[in-house]
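Note that chain A is present in both complexes that follow, paired respectively with chain B and with chain C.
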Partner chain A sequence: MGVTAELLLVEDNDGDARLTREALKAGRLWTHLNVVRDGAEAMAYLRREGKFIAAARPHLILLDLNLPRKDGREVLQEIKSDDDLKRIPVVVVTSSTAEEDIHLAYGAHANCYIPKPENLNEFVAVVEAIEHFWLSIVRLPSS
Partner chain B sequence: MNEVQVNERSEALRYSVAVGIVALSLLARVALDPVLQDELPFVTFFVGIAAAAWFGGLGPSLLSVALGFVAAEWFFIGHGHAQLLATPRDFAMAGCYFLVAAIIVLLGNAIHKARECAASRQAELEREIGKRRRAEEELRGAQDELEYRIRVRTAELSGAMEAQEAEKKALAHKSAELERSNAELQQFAYAASHDLQEPLRMVANFTQLLAERYASRLDDDGREFIAYAVGGAARMQALIQDLLAYSRVGAKGRGFEPVNCNEAFGRAVSNLYASIGESAALVSHDELPVIQADATQMVQVFQNLVGNGIKFKGADPPRVHVSAVRNADDWVFSVRDNGIGIEPRYAERIFVIFQRLHRPEDYPGNGIGLALCRKIVERHGGEIWLESQPGQGSTFFFSIPVDGQRTGSANGKHGNE
Partner chain C sequence: MSSQCISVLIIEDNRGDARLVQEALKGATAPSFTVEWVDRLSIGLARLAEGGIDVLLLDLGLPDSQGLEALALIRALAPTVPVVVLSGAGDEQFAVEAVQAGAQDYLVKAHANPHLLTRSLRYAIERKRADEGLRESEERLRLAMTAANEAIWEYNPITGYALWNEAYSDASGGAPKTWCPAELGKRIHDEDRERVLGSLFEALEGQAVSWSAQYRLLRADGQWSYIHDRAVIARDTTGKATRVVGAMLDVTSLKRAEEALQQSNQRLQRLSRDLLRAQDYERRRIARELHDSTAQLLAALGMNLSRLKEPGLAPERRAQALSEATDLAAACSAEIRTVTYLLHPPLLDEVGLPAALQAYAQGFNQRTGIEVEIEVAPDFERLGAEVEATLFRIVQEGLANVHKHSGSPSAIIRLERDEREVRLVLGDRGRGLPEALRTPANGFVRFGVGVMGMRERAEQLGGRLVLASNGGGAKLTVALPLGKSNEENKIIVS
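Presenting the complex of A and B:
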């Protein structure tokens, strides 16, 4: 991609956010990870509202489903029904393995659905796989 | 009895009346004597005989004929002298008298009989009417009684029915309550174990990260402590996984469908592929039936029981054999191994969750496998038990009802995982 890849992580668990950052640090790509902690902040970030006035448009969104305030499912709906934002791929990473969540996520045009891995090594492997696939193999539209 | 008495009385009355009538006839004839002189000595007696026949019938009329004759002879023919039938004229008159008297008697008697007959008919009719009236009254009484009894019984019955209805309602209410509290408990166990995972994941992941990145900067004690923390967190994760699986049996079980146990067994064996290979185990089975069950859970039961047979092996390579026998109402499956066996006094304890008979170093595991089997089998309406002696292998049995007694669909709802 040449330049730094902008990632938006929507995650209320600081530990998972930190682990994601650690895993990305180990990767070979230049990535910039922006973390917001709930759905309302996520939408504000994407629409560059309030304190996010100077926010960079992300190349990829990592979205947890179970969030305080605005739920991840609502965030997904809003992104995918917005003519501009819907072009940003959304990777759902969540601890839910419920069949209806998977169904609902793809129904709302999530780009993929990944159950949050239980242990550290798997977690790192998944983050690296996301990074490798979405930021290296896949060709994304230029913003 | 009464009727006979009435007859007797009227008999006496009839004869007395006949005598009285003859007396009256005599008086009448005496009164007419100045006019008639010696002519027609019997004339008034004919009237008397007719009256006696009309009133009293045959007997009294004959009596009045005889008395009339004697009286007439005595008073008007012999005039006080006992000269009965002294002349041929007397005979002729007597003959005429009896002839006329006989005619009168016959006629009067006929009239009397007709009258009596009518009277007795009337009486009979009245009796009949009386009887009918009494019968009607009795019937009405019986009807009233019956109606009363019906009312009482209806009241009793409706009371009993109401009581029964109330009892039924109370029972249904209780059973619904029980079901709800049971479902709530299962949901609670599920939610609790699910929500415990998240913070535990943090502990496990960061202690592991700490161990990986900082091991070189710690002394031996520090590394040992961190190793315990990492190991403990990992074990707790495994336990919570098991608890989740256990609570999922009831809370997330699917509906029952026909399950070919040969296929379920096959899937269980392929899941055990690695441990079978490692221990050079020999796993075999007889022809197994098709049953009404939750397919995933049946695979789990076979996998846990066969897996145990392999895990708790003796000196020889493990051999596990599965077969099934049909009873009246259920299929009884047996899983026989040649492992270390179990002391009979532990036969119950091993089915309790997290109960173990060995140290994890000797035989790894969390004590969930058999508890899970029991929960699954009981959800299917069956039972699980074992026969074993230490050193002689074990045989686990479990039964599954042939008709799939309970439908599992009631539990088949999904939630967040």
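Presenting the complex of A and C:
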């Protein structure tokens, strides 16, 4: 296991991406946050295609559901039906609170579903909680 | 107007001539004509005002008006009605003037046969419609350009003459419609003129098919406008520029907003730098205060110890002085230890980073037994105070970690710089990043507040801090950009 916790954030909202980065920086864990802005880029990153040829395999994926080009739901399906990629935990962080989306996400083997908080402090708390639980407490598979 | 039947109004004082026209049009079919006749301009104008007239036949020699005056009145009151002027054999020149003044066509009465008359009326209607279309599209373009703050200009490199449209005159504040390049040159800001005209003529002489520039242009009201100017260059088969058509966009408000944004960004940067400087100042103050108070503690300790030298001191007094001295020594040591980290290295300002690091490494070696080698070029110049302080603290923090966690007998510090950045590498030969720094579940590295603060600081200075571990120990690399911020830092020092 390397030194740095690699995270892949799939998020088209620059503000949320920035906020996630800042919240992670405030922690003491040595994390590296890679941000891609749509589903097609996310798959290219995970498969190390094109400009992502040297991309680090993430330990954890933070996935928004509503994305341009390729939808987050499709990205989740693709990750979880790929024998290699399906081992990477996917944390769905989305502003959708539709029962249908929650159902669908767990059905597609999302590792957890977190509604994106509107409130700034709650947002930061959620990122910290993700960092604490998924990177410090949980034992992840070695790639 | 229906395509089958065209309404014609004749304004003609000569009854015979009017009859002639009526007769000539009577036989026409597809289209057919309905003809109304009046013999005075005033009656004709009243009839036009009622509407429904498709085309007007106008005699220029009416009793209640003088020639072209009649035409001007009609064009003012019924601008959409096409006009064919009727003239006598002697005043054909007059008729040509009428066409120039806006009539669609003219007919010499003596030559007016049914065929010619029909053709002329239809032609007048078609032409008027085309003119209307053109006028409308020009109007649309003008409105669009006004709305977009755009203006159009055209320049002919062969004749040296240029034109601009009315919107252009508005944008530039009532400029003339025709100018030579030198005239435009006068309106361009002194600092922009040579660059703008130079690049335009260079583009014309070269192969370019487009040109663009940004510059300040003087408006008639004495204000400067920021202009974004883009042009297309047309060339003949030999590649010679024959025509240049450009569009000027007034970007003054955009530019102002951009400047304001830049200024507020700079303010923000200054503010955060001020904050860091305030932190530094605070550290220095704490260092001084600490020094003052520990100096007093040490003075008290000295006094106690010298009392112990007195030969006739009672044993209980001696015991008390000794116990006090021990307490004072403990207090001193505790006070120094707790705030060592906060101490601003006093050497740094005076002797610079390499010498301060050397001195610190020596002290570190005495305390810990760890050999520290420092590699730095002999002519390593001074950096900005902020950069030096940041690098010094990173070394402090890094060496402390080497001591606490690595088990390495030695450490090496390499300091190098080029024009763009300064890089510091701190390596050891220990066990790599130790378990104590790792999260229990996955072994991700978790740092103390110290290193995280250093990383934050490095990022605030536009740099980066990287930590790597391999079989042969751990390596901390920090790179900070030099250049402009470096200069600013120097100013802060003074």
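The rule we apply is simple: the second predicted complex is superposed on the first by the 141 of 143 C-alpha atoms of A that agree within 3 Å, B and C clash if a C-alpha of one lies under 4 Å from a C-alpha of the other, contacts with A are read in each partner's own complex, and residues count from 1 in each chain.
We take it that a contact is a pair of C-beta atoms (placed from the backbone, for glycine too) under 8 Å apart; a residue touches a chain by one contact, two chains touch by 3 or more.
This one's a predicted model, so the numbers in the text were calculated from it and none came from an experiment.
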item	value
Fit-or-clash call for chain B and chain C when the two complexes are aligned on chain A	fit
Contacts of A:99 with chain B and chain C, given as first, second, both or neither	first
Partner chain in contact with A:22 - chain B first, chain C second, else both or neither	first
Touched partner set for A:125, first chain B, second chain C, both or neither	neither
Chain B versus chain C as contact partner of A:13, first or second or both or neither	first
Smallest separation of CA atoms, chain C relative to chain B, angstrom	6
Interface residues, chain C side, partner chain A - complex	433, 439-449, 452, 456, 467-469
Chain B to chain A touching residues, read off their complex	197-198, 201-202, 204-206, 208-209, 212, 234, 237, 414-417
Contacting residues of chain A [partner chain B, same complex]	13, 15-16, 19, 22, 66, 95-101, 116, 118-120, 123
Residues of chain A touching chain C in the complex	1, 3-5, 25, 28-31, 59, 135-140
